[in-house]
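Heads up, the next two complexes both have chain A, just with different partners, chain B and then chain C.
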Partner chain A sequence: MTFFSHLRKAAIATAFVLGATAVHAEEQYFPLQSYRVGPYAAGGTGFFGGFIDYLNLINIRDGGVNGVKLAWSEGETQYEVEKGVEVYERLKSNPGIAAWNPLSVGIAYAMIDRITDDKVPLITINHGRTDTTDGRVFPYVFPLLLNPYSETSGIVNYIASKEGGLDKLKGKNIVVLYHGSPYGKETIPIYELLSQKYGFELSQIEVPHPGNEQQAQWLTIRREHPDYVVLRGWGVMNPVALKTAQKTGFPADHIIGNVWSNSEEDVIPAGDAAKGYTAITTQASGERYPVVQEIVKTVYGDGKGNLEDKSRIGSVYHNLGIVNGILNVEAVRIAQAKFGNRTLTGDEVRWGFEHLKLDPARVEALGAKDLFHSINVSWDNHEGDGYVTFQQWDGKKWNVVSDWIAPDWKLLRPIIEKSSEAYAKEKGIKIRTAEDADAVVSN
Partner chain B sequence: MAVQALDAARLPVDWAKLVQKLALATALFVVAYGVVPAYASGYLVEAILLPFLALSLAAVGLNLLTGYCGQLSLGSSAFMAVGAFGAYNFNLRVEGLPLAVTMILAGISAAGFGVVFGLPSLRLRGFYLAVSTLAAQFFVQWALTKFGWFSNDNPSGVISAPHLAVAGLSLDSATGRYLLSVTTVMVLTALVWRLVNSATGRNFIAVRDNETAARVIGVPVLRTKLLAFAISSFIIGIAGVLWAFTYLRTVEPAGFNLDRSFQILFIIIIGGLASIRGAFLGAAFIVVLPLFLSRLGAFLFGGLFDSGVLDMSQRIVLGAIIIIFLIAEPSGLSALFDRLKRRIGSRSS
Partner chain C sequence: MSYYDFLFVIEVLVGGLLSGVMYSLVAIGFVLIYKTSGVLNFAQGSMVLFAALTFVSLVERGIPFALSLLITFAVMVALGFTIERTVLRPLVNRSPMTLFMATLGLSYIIEGAAQLIWGTQVHGLDLGIDDTPFEVGGILISSFDLLAAAIAAAMVAGLSAFFYWTRIGLAFRAVADDQFAALAVGLRLPRIWGTVWTAAGFVALVAGLLWGARLGVQFSLSLIVLKALPVLVLGGFDSILGAIVGGLIIGASEKLAEVYLGPFVGGGIEGWFAYALALVVLLVRPSGLFGQKTVERV
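Our next item is the complex of A and B:
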């Protein structure tokens, strides 16, 4: 009995504490399905660290977005779909959700139906399901900056520029080494299409998740004797690939990493084997950008920095998290200009994302000049024409080795529309028009 | 005379038991079809009940094979995958196929698969059999990844659940999917319960306890083993359909990996081998306890540590709890439950 009376007292006390924290001023909430343990923890801690650091910067420096404070909480997913769904169900009851940012293709796939019902945006920056670029079919999904097809086109264009033009690709031999997951497989058809279009020989080799054993794959590559290997890896697969390449004698400067194989965490563990390795990116690494400097000064100066290891400030994942923060916050700001400076609904933030236009001048004003190029999202183009650049690892840091390159969007759009229209047909989705996009649910 | 007297004396006790059982069943029905749909939150249904139901059913299936028939299998998640992808393809390729038929056909595909991978059980036992069922695991994953046809040539190999409807009634809402799930689980569990109390069920147990003795008394060992594989895979296959269609609503082959097979095996070991109730208790333990720990951890220490540290410590606690449980009651939660019931019974009388 006494036990139960204690329990009741504790329960009442808990209810008070919870009730007290539940009273908020105007707040916009970001539910974070983060992953800080498991094979992909390096990506998770860097990305979510950068994201949280930027949200903190806005709160500390500006007092929120036009007075609306930014709030967030985290749930650990370990990059697993079931856990991601559980966290989604847990966090979705919070008020004032702006957008979801799971940073996992598998989790994003499982959320598409759910967030469409809830009318809340789902952001898959630099990854995701390619045909969600078509806002006519996927009103709430945004593969911002770079979808997988654009990335592929960017990489092929870069290889062409190294060889001296797209016509020089004919007869070249390219191997794509991809991660055995939905993310890794997403680009198989587009590489095949580009290989037919430009006449290069292609073989695509799968590395099963998580990819810490690649001897067989690299022996195959050695037999193939390719001109370039495209590394479409993730997490531990990347350093293992670079090390195994060195063992089998394949030169690192002919390996081109994709956008999830481009971080410090991918190359540092590979040591010397990574020297000369080149990778695509949408956001440069380093601390020299004003916005990163401000985060160091204001957020870390205040002891509120999210990264435990301060040497990771300005790393690729950390900067991607910051860019992701900029895009999310600016979408909220743009939506506020239309709907008022208050807590917005998910659908209002969706409208904000669909009008997310940051030209290079605005990017500079945000302190992110050269960190990323620009973005131009519209109601039917949810990617926003992001530019890419290439950086080479010199053993200590990444050096940018190309200009900002535009992927071949015109070539890709019809393929994307074909795929999204097929999806719409399979699911019985009505194709949206510009008027539909302007109808916003505001309660 | 003496026998009659004995029967007469036993009759009232049986009645009481029957009434008790009926009351329990009614209560279960009221909770499953009345209370849960009316009052359960979206979180409870989507994040706890749906995975719990699908995994319970898979555990019931595996328990039939491992608990009752004594054949150790590590192929459960492969059979789930066959069920899930089978249902997806039957639904896609055959226009207007009713959902129930789709599920049964998916179950039959899984059963066929189970029989093929059950063949080694005729020559192998114990751990050797377990290792040979691993082949199912790798083969299915390889085949589903290799041949794009299975996932309707989706480039990333991910299938998404179709629109669910029974007799024109949409079941796409959380409650609808829950009702579909709970009904399927109840029907199949009832059938399994009938089966294990029948002659076939006793054959299973005979084969498990002593194969040679079973053969001597005339149990058709060969047929019994294959039947166990078939029925078990059928049920696990349908559990896979529930997992894919009602819970996640999107599935990739890698989602049905070896970890899931182990998870189901641990459910029946923790819950109690050769016990239907054990499958449900074990599934509840495996699904609910980690969530409970993570919520508790986040609530108590959320501000102090980041979610990664919390997750790691929660695994340590979960592991410790499993060890303590198995030391305290090696026969699983089901036996623990019985002990508890006896103790309460003796106290109240």
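Our next item is the complex of A and C:
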């Protein structure tokens, strides 16, 4: 991306912001707390690029959702919490807000009380605090497709499938290498629980932020001779882990990455050291899916594609953005079916998300067969039972190497409820019922 | 302690020493500037990022490796002279805190400029150095780290020779000893500062290439200053030898601490252990192990 292309982007973004102040009656608006500069810009440009590309596709191809045009504007956060909140304050007065999608754990945490007061959904696809899965306590927060506990269960189930079944995990040695942050530590108790349940030996080793030095951790791993290492990393920690694994002689094909260690940005800097590395994902990468091809043809063909570098179309973050777009748009569509084809309130869109049920047939109809599996959100289950798959890096691209795998939701639900109920008690929140969830604010 | 345990200690120690050399590489850039101008250049990390990003972007655009290296060096020279002319020269005789704040601001400007010019994508950097480990007496040693240590040693030798056996090096040392005396005997301080910023740019380029090959060329490269700061505190801000010895001590001790103390306190201690060690040294020797003691007449 050159200096002049940045200027062009800035001009377009400014135009969007100016345009957003004039959202028309039949427009549904998405405020985007994006990050296109700073340390995590590579992920931000991919995700928000994919999201905007899908919104554009709906506008160009379908004329919006049942005639209601989709509008959006961006505010730069650089992935910083205070800037994310500042953008929220700046954009929240725009009319017709459908949902917030910050793609940042920190910003999402800072917004929970605010969006609950506003009665507007907050989408934290594949991330966020696990107990927000419990819609009884968190009516407006949706960690769609995958929360950290489900991710943990999915990874353990995948390792079990490689070993020949869950009973074969007994006696195996698994090391979890995690980022030294609340995000990294969130799954510690779940790995311990699964270790006790299935009888595998477990060591959990912390890598201090940012993770650009891991010699000590990998020498410790080498001494332990684990069967698998689970990489729960973020940013620069991921390629450094893969490179240091190579230096200490640990095979990449026995390293399993979590959902924030699964992008091209995590493996390309590691070069050959990443060959054979496998990572969990909720959405496949690549361009072969009809919806991605339609975006290429319709949106990029029309000169409205959001990615400057077209080689990134179909990358992990771009496809995640597209899937996020599908889920947001379908929630609006479902809510419209109940409340009418017009600009909806945030609470009406919340109702739409709480009825977001896309079975494999509907996913196929949306052109996303094999891009993601399905989702089944309800008023009390805001994750929606997302399935996961695993992809392996061959040095140039990711290849899917597993079927769609279901995490052990039944095992995890009581732990989630225990945490959310404690939160409700601490904050004095009344636990919702199904009737409460059906009561919708329409103005 | 079994033989295997002993080998493991040695392995951790060697790995730590080699990592320490990489910290020293960054620290030397700080020392060069501080030694001659008394400025703690917080922008050194950003310069490392800028150099690596410029180099890798040129290579990815099809420019040959050697030519890219040359162009990047020219860019770093231009950057060094520009910083000296536009930021530091107008701030001559200001307090050290003012100068430090100026370089802090400068680091944000350089980081922003790097992303504005070259984009935000993460890049791999292959220097053609094989990184598969080899075994010596049961200990795995990284060939990349070993070569990086050799390059660092060569650079230190080159800089030392430059300082001790050239006229400009002599002028550097004169300025480092006493700026006013150097000025009084006719040395042109702006020219010397410009040259020293060029040298710091060169060090940033070398550090950027080696760290870039290790981490990938991405924004986080600028965070490696966090590894250099305890090295400087421990070794002394104005000693190249201190930067080397400090790097080795920090690298080895933080790795040993992580492996042997970490499990007792929940792990992940190497990030702050280096600073704790530097603080202890600071209490005993405020100028660091090799830093020049400041004596002021009051």
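The rule is simple: the second predicted complex is superposed on the first by the 420 of 443 C-alpha atoms of A that agree within 3 Å, B and C clash if a C-alpha of one lies under 4 Å from a C-alpha of the other, contacts with A are read in each partner's own complex, and residues count from 1 in each chain.
To be clear about the criterion, a contact is a pair of C-beta atoms (placed from the backbone, for glycine too) under 8 Å apart; a residue touches a chain by one contact, two chains touch by 3 or more.
All values derive from a computational prediction rather than experimental measurement.
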Could you look at A:Gly180 and tell me whether it touches chain B, chain C, both or neither (first, second, both, neither)?
both
Examine A:Ile60 and indicate which partner it touches, taking first as chain B and second as chain C; both and neither are also allowed.
neither
Determine, under the contact definition given at the top, whether A:Thr45 touches first (chain B), second (chain C), both, or neither.
both
So, A:Glu74: does it touch chain B (first), chain C (second), both, or neither?
first
When the two structures are overlaid on chain A, which partner does A:Ile429 contact: first (chain B), second (chain C), both, or neither?
neither
Touched partner set for A:His209, first chain B, second chain C, both or neither:
both
Quick check for you: in the superposed arrangement, does A:Leu166 touch first (chain B), second (chain C), both or neither?
neither
Kindly classify A:Leu411 by the partners it touches after superposition: chain B alone (first), chain C alone (second), both, or neither?
neither
Which holds for A:Ser93: it touches chain B only (first), chain C only (second), both, or neither?
first
Counting contacts the way the document defines them, which residues of chain A are shared by the two interfaces, the one with chain B and the one with chain C?
36-37, 41, 45, 180, 206, 209
Which part of chain B faces chain A closely enough to touch in the complex?
41-43, 46-47, 51, 145, 155-158, 160, 163, 247-250, 252, 254-255, 291, 294-295, 298, 302, 306-312
Spell out the residues on chain C that touch chain A in their complex, using ranges where they run on.
8, 11-12, 15-16, 19, 112, 115-126, 131-133, 140, 142, 144-145, 214-220, 223-224, 227, 254-255, 258-259, 262, 266-272
Any idea which chain A residues touch chain B in the complex?
34-37, 41, 45, 73-76, 78, 81-82, 85-86, 89-90, 92-93, 105-106, 109-110, 112-114, 129-130, 180-183, 185-189, 206, 209, 427-428
Of all residues in chain A, those that touch chain C in their complex:
1-3, 6, 36-42, 45, 180, 205-210, 212-213, 215-217, 219-220, 222-223, 235-236, 239-240, 243, 246-249, 265, 268-271, 273, 308-309
